[in-house]
């Protein structure tokens, strides 16, 4: 009851926009044609009956706690960076969390939009946000997108002039989380860094073969780390979603402007990286080092 | 408004059953393990909130007119012989009829179950129904199912003693529709028929290589027809769904018994084969030869 | 004996042409390079000993009755729209009708030429013939052939202004056969038709995704029909070969001119679609509705 | 003219047999089920009109000179060890020698049977014949055929007690041709031989990994030879067909008995290995070392 | 110089064993036939000249620092859990670290043996070691190895009775490292744990579909973590090699017994997981939380 | 001892070159980018410690006898036309001759370079050398290399005016070996030759479809020979490596100039084709016809 009252009250001051208009603005910012071939992006769930979009929830992952928050906040549209439908669905039942999320959206007439690799490539997108952890002297995409605005493309290569220690510190501040480091065989904390490869998320395959002093990414396998470390490259891991999530704050401002204040925008409070590092001796209290 | 009143009135006399129970009865009759590897059968849509299943609609194809009828009749479960989700879904929007049907089921908390090839193989299923068009002297599956009850399997081979003319007539009466015939090179209406191959739906690949005087199936390609006709086999085509739909009447009785009268069962009035044959001169009035 | 006498008599008035010359004229009209990659077209059987081509039989399908007619008519060349050799041959025996046809051609020194998809694409070919069933206001290929004469390509898209009823009637007159119709969900006989997609033969894959009010083709599967009907498209089916065979009359005139009367041309009297529709009540007499 | 007279004269004394009977005897000796999966064996050409098989030509390869001999000898059946149809045919024209041979068989009503790998595996077949070049102390198949008569299978492994020099000499006598030798790194002409691997034709893949002092086969590639020679194995090459052809003499006797003298059997006089070795200085006269 | 003197001195007291004997003992403990099909295990480098194996280095990963240690320690054999040759080599140059390691082994006549997944599966191997972090009430392989000693197979499933907090603590003690935790959606530190899935290394694909309260593995991707967490499973990550390395201590004892003291065994001092977690504020000093 | 003394003496007069410089000269002559996609060329073994390259051995195949010669001659670099590593290596042991050769190179710090198909294509390479057996009136590549110097490419097509007999004689003189001939069906020793296709090594696939009176190559399979012979082409076979080896003499001069006399170059004395033809009657003495 209270929830309904509350949301009615909040909804009073936002005129709302047609879903088509919001989608158009989203695609105008980062066209889905930018996304990788293997990806599944754009409007993934379109409710049967169109109503005005007055409330929008931004999240990195549409987990069930976040879905609960969406219902709680009575939103009309969820923008989830990662697409909840990735492996195509042969059925929609209650025995699988992704199918439950899809069913819940449709039952509650909540639209769902996922940008994923379109945001990775766009100028001013996720990778440009992650690169801000570095003292940037120069920046360009690792794989420039043919026919797109300069600065668009996969990953980023940043010129800088820092020590590894300094870079770890600025990265920790930028993502507001601890960082995992794998030093190159010849590197130490005071080693000088001139070039940094950037790939939000899981960077192993995109960064392979790139020459840089340091790589910043979300996650990377053990055998990939050993290859980079023997090739003169130190790797900094943020955990997958910690290398992406911070972008939502920037995007919220950007979308609000595009929608001219017609919709209320929320960043999920439930969305967080699944992993936390427990230091030895802390297990009983289960207080992670980040908190 | 009237619809709600009407359905409340009708629902009064049926106690309903849990969805789990209905599904269990369906699988008990024709286990989904019988279905072909490439098929997508069983409970395809399970609503978020479980309610009692009081009203069930049976249909061969879940087209949008049939979906409208389901809403009209306020049913809780649709049993659609053909699975509306066959090619897996990467999104659920309003731009594709199968996605619209899925969204409508979820919005209206209607469950969806598809048996398809499990019904084709089961003893007393679709192919056994279609075989009743023949004066049966003996009957067995074309490909018996290993480890299943005798009589279970793909297709049927029927021994009989009729002329082609007689068989066409009894088939027309059985499906209540006209029939398309492709005579074997050496056959004519009075040719004697000793064996009949049966395959509801699209029989080209299952029936290939089978030796029989006549094949009865729903649809078959031109080049397959020429192969059969040169191999001594006359083919009778019913149109795809006309070779399947009549089974719903039999199944309704069967399911009603299994559910002990707890649910109200309907056979769709909107479900019909998309094709009708227009005889020359009739086009203006668009009266098909079946009507 | 009589046959030989007869054919000697008839052959008297036709000077004949070298096989190379006839093939050159056929390829000049519709180059085999136009054919689809998966197709098998051109001169498929070339007799060991070259003799003058004096008599040519045109057919849609080279069935065994048509092969019998070819021997009866003592022809030197068969032009069969569909290639009798499609799946490559590992042997040539008497246990398979296509191998028997091949063996019979070689034993009797009859050459065999198949144009198939080259005729489908060529300007003035099979699809242009089928399109004449429509009151044409404008016409273009569905997939224009790169580098070929304008108007060449796969399928046709026709602009018109008719009702469905009128179109069914003109189509029936054009092919001289009955027609099967699958109405779009929203369509009825009086619905107005502005655009018509044309694909002789089996049109399901070529026409997929094309926007048109009506599709005219030879055959299409049940599930393809449901997709078109839900997408706003009514489909008219002629039966596979009835959507192609009528072109032979046009082609006979055309080839006769190219050969300057040097050869006698026949259209097969035995060639016909394998299917006929039997209306209910007619089975005993086996009179199809077309006759 | 003379040819016809000649063949009539010769045919007088042989009663002939039905083709079905001859084929049955051939399959009885070496079932086609023995052949490799990738092979194409059995009755490859069956004439349209069956006549009695009175004259049969045996050949290793059905080249055009051998085809000419078949016509000259007026035979009704050719048994060609290698199948003239191996890559499946998409057409039968005069521009390819294998198509010409097929066309010629059909035009002249000559049946064609190829045993190939069925003869390789059968007990008393091609490999057992080739093994007779060795002083056999023991013999068994390299890959015994499961479920077949003991001694049946791919290749042969022979126990013996000879020097390489002696073996070269007996092999040359057996095939009546010169031999090519590739000595193992440690071998010389007087090296003792205890085991010999046998594979008629092209033995590289079958013999790979087999441990033997000497391999006898028809042909083998340079890189395979180096592998064997470094693995302690000397290889003797006969040229492909010289490792097979001599078997026809044995088979002729065997088939004659099976047909009880009803057919006249010929071994081709035109069939020979394409290769001959020219020793230096002989080129002008073009006399090969074998002649 | 000093190094040689040193090693001569140390070597004095160990009689050494033939490489064949050491390899035989290694395979006797964990047969290479146990390894996965895709793996590359066993004796990977065998020096040209055989000398007695007197000194053996055990390592988890054969990195270049570990290779340096091997030269320093003058060992004759390296046993590296992970195979340094995994992707097959097309050349051996100085531009790739794995090729440099291979070249160094061969130049210095050091043999190399890798057990990898054979050790994962063997009873008393890596997974049994990792399982000791749990208070074991019962234990069995996740995928028992057919035909092997009971207890052999892939992964382990352990019955226990602990809280997650307790398990984290015992795991940290066991591996002597910090641990990363991803809580199941419904879990908290005091949640009770009855079953634990174990997979040393990268456990995502082996553990998929296994039902357990907690999984212990080395590394797992973000999207796999979300799937487990929504399926009621908390995941504990050790970092890839920290879930494996501790086993070397156990193995050293075991191998020493098998070799009856003939060889001197070392565990590498340079071998360590590439990753270390830096807590916020520590970056300047680069002191990881483990140290 | 003597060997070391000897090589020290010999080495005295050659200043040597850095390996990088020699490799640069090799790639400058025939860029590895010319090689086929499936090939494995360039610097295949690079020793751990770089020393000056003073002595270089040239060979066609790096067999173990040739490897022994390399050690005997104390060379620093082997240039082997055929790459000893072709199938990628998963291990390097003593049980396989190619692995033994690789291990021996690394143990003895001998570098290994293989040009293979880069030498086949380059202007003035292996095929141009082989073509010199013909009285050349004109010459061009069979498949010209796009973007390379004119005359570069796969195979050669030579215009000439000789009889087959003359060509056999000049070829025998050029390669200093006997030759195997497979005459075209219509050819004889005195047949006139206008065009000759050239492909060193194994020419079957490259030469397929090429129109020429004669093909000269190293080896070709029986079935390929029959195809060429029926297509009007006589084939001359040299044995695989005899069609390549003679080029080393030319290349030695060429490389010596490029290295400006800084290195001593040897052509292997142990390198020879594995095959020799034994004429009948010669086996006891094992004197091949070439000797």
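We just call them A, B, C, D, E and F in the order they show up, numbering each chain from 1.
Definition applied: contacts are C-beta pairs under 8 Å (C-beta built on N, C-alpha and C of every residue); 3 or more make two chains touch, one makes a residue touch a chain.
Per UniProt, the chains are A, B, C, D, E, F = NIF3-like protein 1.
None of the values given here were measured: they were computed from a predicted structure.
Novice: Hey, which chain ends up farthest from chain B, C-alpha centres compared?
Specialist: F
Novice: Looking at C-alpha means, what's the farthest chain from chain C?
Specialist: Of all chains, E has its centre farthest from that of chain C.
Novice: Between E-F, C-D or D-F, which shows the same interface as B-C, counting it as a repeat when over half of the contact pairs match?
Specialist: Interface equivalent to B-C, from the options E-F, C-D or D-F: D-F.
Novice: For chain B and chain E, let me know how many angstrom lie between their CA-based centres, rounded off.
Specialist: Chain centroid spacing, chain B to chain E, equals 57 Å.
Novice: Centre to centre, by mean C-alpha position, how many angstrom separate chain A and chain B?
Specialist: About 47 Å, centre to centre.
Novice: Considering only which chains touch which, how would you classify the arrangement: line, ring, star, complete or other?
Specialist: ring
Novice: Can you list the ring's chains in order, from chain A toward chain E?
Specialist: Listed round the ring from chain A, with chain E adjacent next, the chains are A, E, F, D, C, B.
Novice: How about chain C: which of its residues touch chain D in the complex?
Specialist: Residues 40, 42-49, 85, 88-95, 100, 102-104, 106-107, 109 of chain C touch chain D in their complex.
Novice: Residue numbers of chain D touching chain F in their complex, please.
Specialist: Interface residues on chain D, with respect to chain F: 61, 63-65, 82, 86, 97, 164-166, 168-169, 172-173, 177-183, 185, 188-189, 201-202, 218-219, 221-223, 225-227, 229-231, 235, 237, 239-241, 273-281, 283-286, 288-290.
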